[in-house]
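In order of appearance the chains are A, B, C and D, and numbering begins at 1 in each one.
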Amino acid sequence: MMYKIARENLSALFRKIAEQQELYLPVRRAGQVNFGVWSEEAVVDLDTLKSVKSPKDVFFPQSENLYTVQKEGRKLNVCPQDLQEKDFVVFGMRSCDVQGLCVLDRVFLSEPVDTYYAARREHGAIVALACHEPEESCFCKVFGIDCANPGALPETAEGTGAENKKGGADVAAWLIGEELYWKAQTEKGEKLTEALKGILTDTGETEEQQKLAGEKVAREQAAIRAIVEQLPYSHLSLDGWNGAALNEKFNSPLWEELYKPCLACGTCTFVCPTCQCYDIKDYDTGHGVQRYRCWDSCMYSDFTMMAHGNNRTSQMQRFRQRFMHKLVYFPANNDGMYSCVGCGRCVEKCPASLNIVKVIKKFQEEKQKAQAAEMAGGDQL
Amino acid sequence: MPMKDEFKPKIVAFCCNWCSYAGADLAGSSRLTYPADVKIIRVPCSCRVNPMFILRAFEKGADGVILCGCHPGDCHYSTGNYYARRRMTLLFSMLDYLGVENGRTRVEWVSAAEGVKFSQTMNEFVEKIHSLGKNVRLEDLRCRKE
Amino acid sequence: MQEGMKNGCAGAPAVLLERISTLLAEGTVARVLGWKAGDMAYNPEPAYFETQEALKDFVYDGFCGANLSKYMIEASKLEGKTLVCLKPCDTYSFNQLLKEHRVDREKAYIIGVGCGGKLDVEQIRRKGIKGIQSIDGAQLVWEESDPGTELKGIGDDVLTIRTIYGEKTLPYGEALLERCHVCKGKEHRVYDELIGQSRDTKDADRFAQVERIEAMSPEEKFAFFQQELSKCIRCNACRNVCPACSCRKCVFDSNKFDSSQKANADSFEEKMFHIIRAFHVAGRCTDCGECSRVCPQGIPLHLFNRKFIKDINELYGTYQAGENAEDKMPLTSFDFGDAEPGIVGERG
Amino acid sequence: MQRIGVFVCHCGSNIAATVDVKKVVEMAALEPGVVHAEDYQYMCSEAGQSLIAKAIQEKQLTGLVVCSCSPRMHETTFRKAAERAGLNPYMVEIANIREHCSWIHKDMEEATRKAVILARAAIAKVNLNTPLQPGESRVTKRALVIGGGIAGIQTALDIADAGYEVDIVEKTPSIGGRMSQLDKTFPTLDCSACILTPKMVEAAAHERIRIYTYSEVEKVSGFVGDFTVDIRKKARSVDMDKCTGCGVCQEKCPSKKTPSEFNRGLNNRSAIYTPFAQAIPNVPVIDREHCIKFQTGKCGVCAKVCQAGAIDYEQKDEIVTEKYGAIVVATGFDTIKLDQYDEYAYSQSKDVITSLELERIMNAAGPTKGHLERLSDGKPPKEMVFIQCVGSRCADERGKSYCSKICCMYTAKHAMLIRDKYPDVNVTVFYIDVRTPGKNFDEFYRRAVEQYGVNYIKGQVGKVIPQPDGKLLVQGVDLLDNRRIMKEADMVVLATAIEPNPDVRKIATMLTASIDTNNFLTEAHAKLRPVESPTAGIFLSGVCQGPKDIPETVAQAGAAAVKAIGLLAKEKLTTNPCTAKSDELLCNGCSVCANVCPYGAITYEERQVNDHGIREVRRLAVVNSALCQGCGACTVACPSGAMDLQGFSNRQIIAEVDAICR
């Protein structure tokens, strides 16, 4: 059953949602759009395609407390951190970001389950928004993600069973012209829709009306897909990138060249919707110690630093690690699921204009060269 | 001098070993009182005080930080306080720029002979901090006691 | 170069490319440090070129904003000379690194490349332009005349941007990086030879933004920086790109002050990070603007450095870091008559 | 993890009266790393120290915190105690709960709370302390004495007699200083020259004393035991070796219009001159500013008349560089300028003079050959008025807050001598108080009043008004019978305040010796170390440290000598191990640290390092721990935090900050 709401009523909708539960959505702050909590003052921005940071930190915060140790004289009391108990809504996630969550689920929901993350996933309802105007840095299509059909599951992830259900969005939405179309996809979604009926106007009881609405959405989807076809990266070939390619890729001399401009900053990892590495640190508050975790980056010199030093001593190794993980290690361990969703944030944000696309292309290029050379060699025989 | 309000400020005073720490000792042996809120950290020279120490103090909830050293020209190491002077001027200016009340930081040159000046300075400073109230702008919320 | 053109890249001025390949061919230099055509109109990347063949990807156009001087730290460790292309403002950074013994002048062959102001794709996006396919007007047209001469025309040049959503145009000047609006001038402060013409693109007062903040009330100041800094994701891009932040290991990475290089639960540590970073580069920062250019959250980080620069100029006499490699730095020198820290309060 | 022992001192009631010592012990015991905590009446006592020793052995302590008086008082005591018990002395930290707590706070609860926090900070620091080993540095067995007055001469003689080489550097052409300008000395009234000259001769003749007159200290580097000093020997224009001191040159010199410094400008001297007859060395100098030869190129009389051919117009300033183990400052004093005190008409009338000028007038070798006469008309005075405390004990900015100490006595001396030699002259003295402590001092003063009938009036003079007839109208008050006094005088003598020699500032800066608000050099401790500067290896002799009379000066000169001898007698000095140290893996080799080091203790070297497997040659900072004095300037200048200060490391100080703020 499809619902809709006029653009100008969206704030009413948000207010309504916020009455019962916390609402996260794209908010413009000091010139940048990131997911934040809705408030009357918040400047909601649904037209900017990509938030700077992916919405992953709604579920996997950049920094979160794990537990606190209180000191009483010489006695130490461990006070666990409360888990997420209240329901909340994330509005305006894009298909790629939703798929990003599937990747995080693979990591955090498989045994041993990360209870902090699991609690948030359980209580969070996702309203995914179709990408009205995709941009040149997007390449979600490469990973079988359909940004016109928000929150639907990519074909590539088919056959990987039930847990994928978790991956989908609870509500799919399309912002077409002055109207937002709303379609629940899961029970959670139905429940949310139920609660909002007063504001969401149904698109009509009759099949005819439903059909019209469906067509309108279908037209929008067609338009979006048409644009996606034109995007420069949409036809990127992942040929040769899979779990099996481990040694060949790992030992490739190309890395030496590719990593050179890398500044070893964490931008790519921190804007990425699928990077899931974190560090656990202690903070002495003077009256106790807070053990917290915060995002870490495999690009950092002290990533996985151990007493004897670091297992990756050069930036080349750190650089290689990130792409090997996204394109080889992860699919190898997750039924072929890549841990890149083609959101293109790293493409836009890398200070040295490096990115995963350039890496994929470079390897492709070399492969073609090699083949060409082989051909030539063959002729001589 | 007892303060009216209940607010007990945390105040860190960095004192150079040769002049100001001795000045504080003189204040002590002369029984020149100043509020107990002031806690002195002894450093060899005012030029040993890293801006990070001062920011650290504020992060951990200090309400005021004061740096005392030998008078310019009298530095035991001859030039240390000149460097300290530039560093602190720039640091204080930056804090002011960030919207931190500039009365929370202070530099005072106190010689070993100036016990009186030391206690006066501390009394003034504590009063100033009382007028500014709690440091909320630079404190790390995790350090706040509920 | 053709390769570059295909992807809508501007390529490089013939004069420059020819000279570079000659120097590489005759072995004067072992490698070239420049920019490599990206796969978009606007994303060339810093790159080393060691062969003639590799040079086909060499590009120098309006989007080559990256300051290559910091790469010379590593390049100085390599065998043989490295040819590096430095824009006028990049040479200040190189001088500063030279002063701090972080680069080896003998290992560098500096070509001072002309600069007419560098472009910032974020500025273009901010104009609501998306789906960029190609950009015209970013390439550099240099007549074969002497390098010193003023670069004509570019100011009125217009960028023609082809996007999926239609063709847009934008005056070159409106797409410049912030730093170009406060350009330090078109002189190269250190070089072996100059190629191409430059243009002073200064059209704003370098300290205007700082003064605007200084004029605010403490509450406004605090609110302003709170807003900006709360966006910080502590990715360290500002630090890692900064030519003054050339420490082998940053204090925020070592346990010397038990301060953390990573994201933290409270915004103060972000503030702490930025204050300390600015303080560490005070008197050494050339105001090259790279920090603001690379910040993924668009935080105007130059506001910190410029505040220090402004204070230093006002209190200790005008000083431009990197103007040469000799001057004593403001924080490692002093004057008997220096202002007392109390002046901060007095200035109000 | 450290095993820390905390020892809280009662200091009798000094601490215990305002700080709940037991509470401090109890709270300290809860701190991380603390395995032992106790209190005691006097920790610094033998018994207290053995308590500490006992605990160190029984509890295998690795660190100590003593909550007691200022570390500047007993840090060394407790470090030594720890060392005797086999613990590295630098594992000891002091929490100053006396000067910084019990003595300044009244409220027990408050003071106790603070004491606990101070203890915590010290504990937090000790947790990060590391054992430090002091280095050694050699001692140059030669002393430098700056100033050739009685103080300098006495110090030099004592050091030389003890068997060590000494150099005296004197700014003027002769040693002798102020004392040589005096006529008689109190309280014995023996002639100054008679007792000073032998000492001057002795010094000049001493095999281990070298005298640089007409010379100044130009530059001082190095540190205790190993100073390097540049001495500028100003061009004398006379060859010391050739000159026989016959004095013909001075007679023949046509330029005789220069006011004599020695006679306080009361008469003139020639351009080539020795300041006074008994000058040592008895070799004249040419004052080039006033020499016709140097000003116009013509003249050259002295060269012509000199049999010895000692005159050398070509002579240049010469810089001698010498090494010294100890430096004694004996720069003495001068009288203050009187331009702030015009009410006494000093600038208006020649007959208003300072006491030092009177000394010269009374002196047989002085401008008046010892006859007491008015400088205006040469007439003998009938009425003389002495005004005390001119610029001394002064409330306002014009003068000095302190008592110049010698004036009361020399005024009594002057009055007595005048009444003795010229019984018909009436002498009146205006005073605030008469201060005559000291052996036979008060008796001396009473003789002036009782035997010699000197008229002492308690009260200050408001104004001295020169009259048309040349007399001086003195307006004052008598505070005892509370009446205004108008007195006609022929001469007025001002007991002018004394102040440290103006050059002392420059010298103190060179020596990095601290100086007080009145420009007197500060002593390391007002009572316990009165002749040492806080700066190691620098000693204080005479008035440069504070107003003194001759016997006190000589006594202190001896004391300073003994301290210097004590240092020179040492073969080696152990250097302070709290020096800067650079972490080679963090060092950028950027030279910023070297730029701020006042001792030139930091140099650079190219060395191979192994940075977690990465081997490369790097430019690295190296600290010379013998030169480093541990100020820490470099540690803050260093951007990467590679440079750190042992004993005051970044993490130690941060730990203290955290402990105080929590």
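Note that in this section a contact is a pair of C-beta atoms (placed from the backbone, for glycine too) under 8 Å apart; a residue touches a chain by one contact, two chains touch by 3 or more.
This one's a predicted model, so the numbers in the text were calculated from it and none came from an experiment.
Comparing the centres of all chains, each the average of its CA atoms, the largest separation from chain B belongs to A.
Put simply, the chain nearest the middle, going by average C-alpha positions, is B.
Across the two candidate interfaces, B-D and B-C, the one carrying more C-beta contacts is B-D.
Chain B and chain D have centres, each the mean of its CA atoms, that are 30 Å apart.
With centres set at the average Cα position, the gap from chain B to chain C is 38 Å. Chain C and chain D, compared by their mean Cα positions, are separated by 55 Å. Taking each chain's centre as the average of its CA atoms, chain A and chain D sit 74 Å apart. Residues of chain C found to touch two or more other chains are 249, 251, 257, 265, 331-332. Annotation for chain D: residues touching 2 or more other chains are 596, 637, 650, 654, 658, 661-662.
For chain A, the set of residues that touch two or more other chains comprises 283, 286-287, 290. Contacts between chains leave no pair untouched here, as each chain touches all the others.
Across the complex, chain D is touched by residues 73-74, 284, 286-287, 309-310, 313 of chain A.
Residue ranges of chain C in contact with chain B, taken from their complex: 213-214, 216, 218-225, 251, 257, 259, 265-266, 268-269, 271-272, 275-276, 278-279, 282, 304, 307-308, 311-312, 315-316, 330-332, 334-336, 338-345.
Residue ranges on chain B touching chain A, taken from their complex, read 60-61, 140, 142-143, 145. Note for the complex: chain D touches chain B at residues 70-73, 96, 98-101, 103-107, 110-111, 113-114, 117-118, 121, 505, 508-509, 512, 514-517, 522, 534-535, 578, 596, 598, 629-633, 635-637, 645, 648, 650, 653-654, 656-658, 660-662.
Partner chain B is touched in their complex by these residues of chain A: 283, 285-287, 290.
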